[in-house]
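Below: a set of structures, written as structure tokens.
Both of the next two complexes hold chain A, though its partner changes from chain B to chain C.
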Partner chain A sequence: MSDVLRRIEIPIALTIIACLLQVIPYYVEIPALESAANTASNAVLIIVACATFVGVISIVQVHGKRIQRQSEGWYYSILVIGLVVIMALTGLPLPEMGLGVNNSVYNWLFTNVQTPLGGTMYSILAFFITSAAFRAFRARNLEASIVLVAGTIMVMGNAPLLTNYMPFIADISLWIRSYPNLATMRGVMIGAALGSIALAMRTLMGIERGYLRGGGEE
Partner chain B sequence: MSILDKINNLDRRWIYLLAWVFVLFPLLNPLGLPIPISQDARTWYDYVENEINDGDVVLFTPMYGVSGMPELFPMTVATMKHLMTKDVQIIVVSFWTEGPLVFNTLLTQVDPTDYGYVYGEDWIRLGYVPGSETAMGSFGANIHNTVTADYVEGRSLSSFPIMENVRTGEDIDVIVSFETGTPGTSEWMRQFNAPFGTPQITGCIGVSVSGMIPYLQSGQLQALMPGLTVSAEYEILLDKPGLAVAGVDAVSTSHVYVTLLVILGNIAYFMTKEED
Partner chain C sequence: MAFLIAGRIFGLLCLIVIMGSIAYYVRQAQGGKVPKVRRIPGIDAIDEALGRAVEMGRPVFCSHGIANLRAATSGPQTLAGLSVLQYVAKQSLQVGAELFVPVRQPEVWPVAADIVETEYKLAGRGDEFDPDKIPFLSNQQFGFSSNYMGMMMRERPGANIMVGAFWAESLQLAETGSRIGAMQITGTANTAQIPFFLVVSDYCLIGEEIYSAGAYLTNDAPLIASLAGQDIGRIIAVILGLLGALTVTFGSNILLDLFAM
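Our next item is the complex of A and B:
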């Protein structure tokens, strides 16, 4: 019996059924299929919600091991696990016990710890981008020169101080955004869409098996 | 080593230090640099002001976390203030984990009661819906089945007057989305614009702009607010200078700094190349 359940055809068949369940009601109006498709969509939401717990378990496992082995920086792991526990407990949906979205500790940690830390991480990019722009934006050849000119104009176009006194920079920046960029992005999007369709067809026909057992053949 | 060689091999710590000065100085000492109004800001302002009518159902979606807050939070606050000067119905929902927490922060700056908005009648919070694009599709097909209770009181959606006639994506008049990535505008387009024709305006971080332009040009997106600079312009149009205006001086100085570095780097590169 277990051999039958381990057969590769089963997940492939389930995938094909799940795909068709979403595709067919889009083109043909069959109430029973629409209802089944909605049920399947709701099941996805429940599965994704459950995946949150997998994330918590994973964090505890990874950082728990670091603490246990006292590997380098293990004390940071204590902080991570401690904060995960505090956020999870204070955010529990039990308003009668003072927990949940209005809990003061929960909100304080978000506003005063998570927000500034997230902002800081994002801000670090500014330093890297500045340094990278200085080193990489060199007119070494024609292609590099085009990138240099376009990139510099886009940077200048985003500085109100410059566009105020040199409005033509804003116009050129808008032109780059609206024509060369638009054409390129459309090409990228159409290419990606065609790729997605091809991938979907391969999956539907059972040819694409990358999502099964690491993609190996049976 | 000549000065040109020194520039070519400039230690990146000097670049970091100067970047820090160029950003921090205007934040600590606002310079009041000029802020010209761009077409993006004007289009956004005009859309909210003239195209969103009293009684419209607005789906307001903060789709970003703390990392996106420095750039997106000012425009989220300003737009919410603008919307609340009108008599619209606002449904706040997020398909991004930290969306509800971002909105909690927004409520410290915007008190709906100041605008006469009553919870459950004029506005409601539906919290975070897990499941990314699948959840968005499910939300459009049946809102009450996808979100069974509101975020604040945990009551059934049917018990709120605002949700009585809002059941599917067809009942949504406009989507106002602020986002840093996926799920975002592409997913809204597939799940709302394509099946229901729902108009949408999007606020995004600067690096996402290039990906948004095709939707804007095709008319699927009615307005786009790209980054902090346009947020500041919008705040000026609203006559409510806020977080974006406070930060835009630093945007100006830091961008001028990058431009100067690039010019200086190229001068040094060419002059040393000629010497070689």
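Our next item is the complex of A and C:
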């Protein structure tokens, strides 16, 4: 029995059924199929919710070992595990016990710890962009020179101090965004969509197995 | 045709033609006719990056992106990233590189861990598999990126391979990799992030190239043939694009009406 359950055909068949259940109702109006697709989507949500615990297990495993071995910076791991436990407990969906998203501890941690930390990480992107731009904006050859000129115009076009006195820069910047840039992006998007269809087709045919236990050759 | 949803019929026709052509080329390949595929330098460079990391005595980082497997546009990118992970795990074992796979999505973590573990078992070294090297970092975008950057600064990988769906963290990760001197191979189909990857990494897979990576790396005839079928879709897109430009220029909405069918 266990040999049958380990057969590679089972996950492939499940993948094909799940794919078809999502694709067919998009084009064809069959209420029974739509209902089955909704049921499948709900099942996926339940699986995803369960998978969250897998994430927590991984965190506890990794940081637990670090604390046990007293590896470099192990005290940060205590903080991580402590906060995971506090957030998980205070966020439990039990409003009658004062827990859940309205819990004051949960709210305080979310508003005063998670949100500012996320905002800080996002804002340091500006410095990364600057250093990346410094590297990119070097006229080493023709292509790099085009990037340099276009990039400079785009930066100038977004600076009100300059566009106020030289409004034509904003027009050139808009033209670059609306024509060469948009055309290229659309080309990439069409190519990516075609690649995605080919990947879906390979998955439907059961020949794309990279996501299945390393190709399912075990 | 009442059961077909209005406004989606033309899309369905295009999908059937593209899928039909892919199926046709796959069948042809199974019969021995395999089309030639152009070299993709970014994918060819994976072996070089792994070798370089081993020579430097540094580990390898491989990320399949931060998306889940469910989203319509980013899910396939994660699948493509996992195909690359499979190859990287296999080759890392062959050349003796230490592999780290930071994960953002809890639902993808078991899949990634399973892929790496299977490669260890296939190599007859199942007991050496260490799940701690495939850590779930955080399901928060910037929690993940700060963790990833911290790991890179501590472990100082010789190669950083990132193929999948990335958003604002793309530049943070790639720029950190660049600062520590890692050879970087990146790829995404998220158009807004491609310029960042192009600027910072040594090799960048653009858009559809990431979907071809799995087929390209396995060198399996039917998978390679599916790429030729994909080209039929590209030809259709070019023809429709040209016809659209011409008809709209001459004041006709015939193609727009056809698309709205």
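As a working rule, the second predicted complex is superposed on the first by the 213 of 218 C-alpha atoms of A that agree within 3 Å, B and C clash if a C-alpha of one lies under 4 Å from a C-alpha of the other, contacts with A are read in each partner's own complex, and residues count from 1 in each chain.
Heads up, the rule we're going with is that a residue touches a chain if its C-beta (ideal position, glycine included) is under 8 Å from a C-beta of that chain, and two chains touch if they have at least 3 such contacts.
Fair warning: this is a prediction, and the values are worked out from it, not measured in the lab.
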> Is A:79 contacted by the first partner chain B, the second partner chain C, both or neither?
Replying inline: neither
>> So in the superposed three-chain picture, is A:211 touching just chain B, just chain C, both, or none of them (first/second/both/neither)?
In response: second
> Does chain B (first) or chain C (second) touch A:121, or do both, or does neither?
Replying inline: both
> Who does A:95 touch here: chain B (first), chain C (second), both, or neither?
Replying inline: first
>> One more residue to check, A:59. First (chain B), second (chain C), both or neither?
In response: second
> In the superposed arrangement, which partner chain does A:144 touch: chain B (first), chain C (second), both, or neither?
Replying inline: neither
> Touching A:48, do we find chain B (first), chain C (second), both, or neither?
Replying inline: both
> In the superposed arrangement, which partner chain does A:155 touch: chain B (first), chain C (second), both, or neither?
Replying inline: first
>> For A:185 in the superposed arrangement: first (chain B), second (chain C), both or neither?
In response: both
> In the superposed arrangement, what residues of chain A touch both chain B and chain C?
Replying inline: 44, 48, 51-52, 114, 117-118, 121-122, 129, 131, 133, 135, 185, 189
> Within the complex, which stretch of chain A touches chain B?
Replying inline: 38, 41-42, 44-45, 48-49, 51-52, 93, 95, 101-102, 107, 110-111, 114-115, 117-119, 121-123, 126-127, 129-131, 133-135, 137-139, 148, 152, 155-156, 158-165, 167, 170, 174, 177-178, 181-182, 184-186, 189
> Given the complex with chain A, which residues does chain C contribute to the contact?
Replying inline: 2-5, 8-9, 11-12, 15, 18-19, 22-23, 26, 68-70, 73, 76, 79-80, 82-86, 89-90, 103, 105-107, 109-111, 114-116, 118-119, 121-122, 131-132, 134-136, 139-143, 145-146, 154, 168, 171-172, 175, 178, 189, 191, 194, 196, 199-200, 206-212, 214-215, 218, 220, 222-223, 226-227, 229-230, 233-234, 237
> For the complex, which residues does chain B have touching chain A?
Replying inline: 10, 12, 15-16, 19-20, 23, 33-36, 38-39, 65-71, 98, 100-101, 104-105, 108, 127, 129-132, 134-135, 137-138, 141-142, 145-146, 151-152, 154, 206, 209-211, 213-214, 217, 227, 229, 232-233, 248, 251-259, 261-263, 265-266, 269-270
>> Help me check something: in the complex, which residues belonging to chain A touch chain C?
In response: 26-30, 44, 47-48, 51-56, 58-59, 61-62, 65, 72, 114, 117-118, 121-122, 124-125, 128-129, 131-133, 135-136, 185, 188-192, 194-203, 205, 207-208, 210-211, 213-215, 217-218
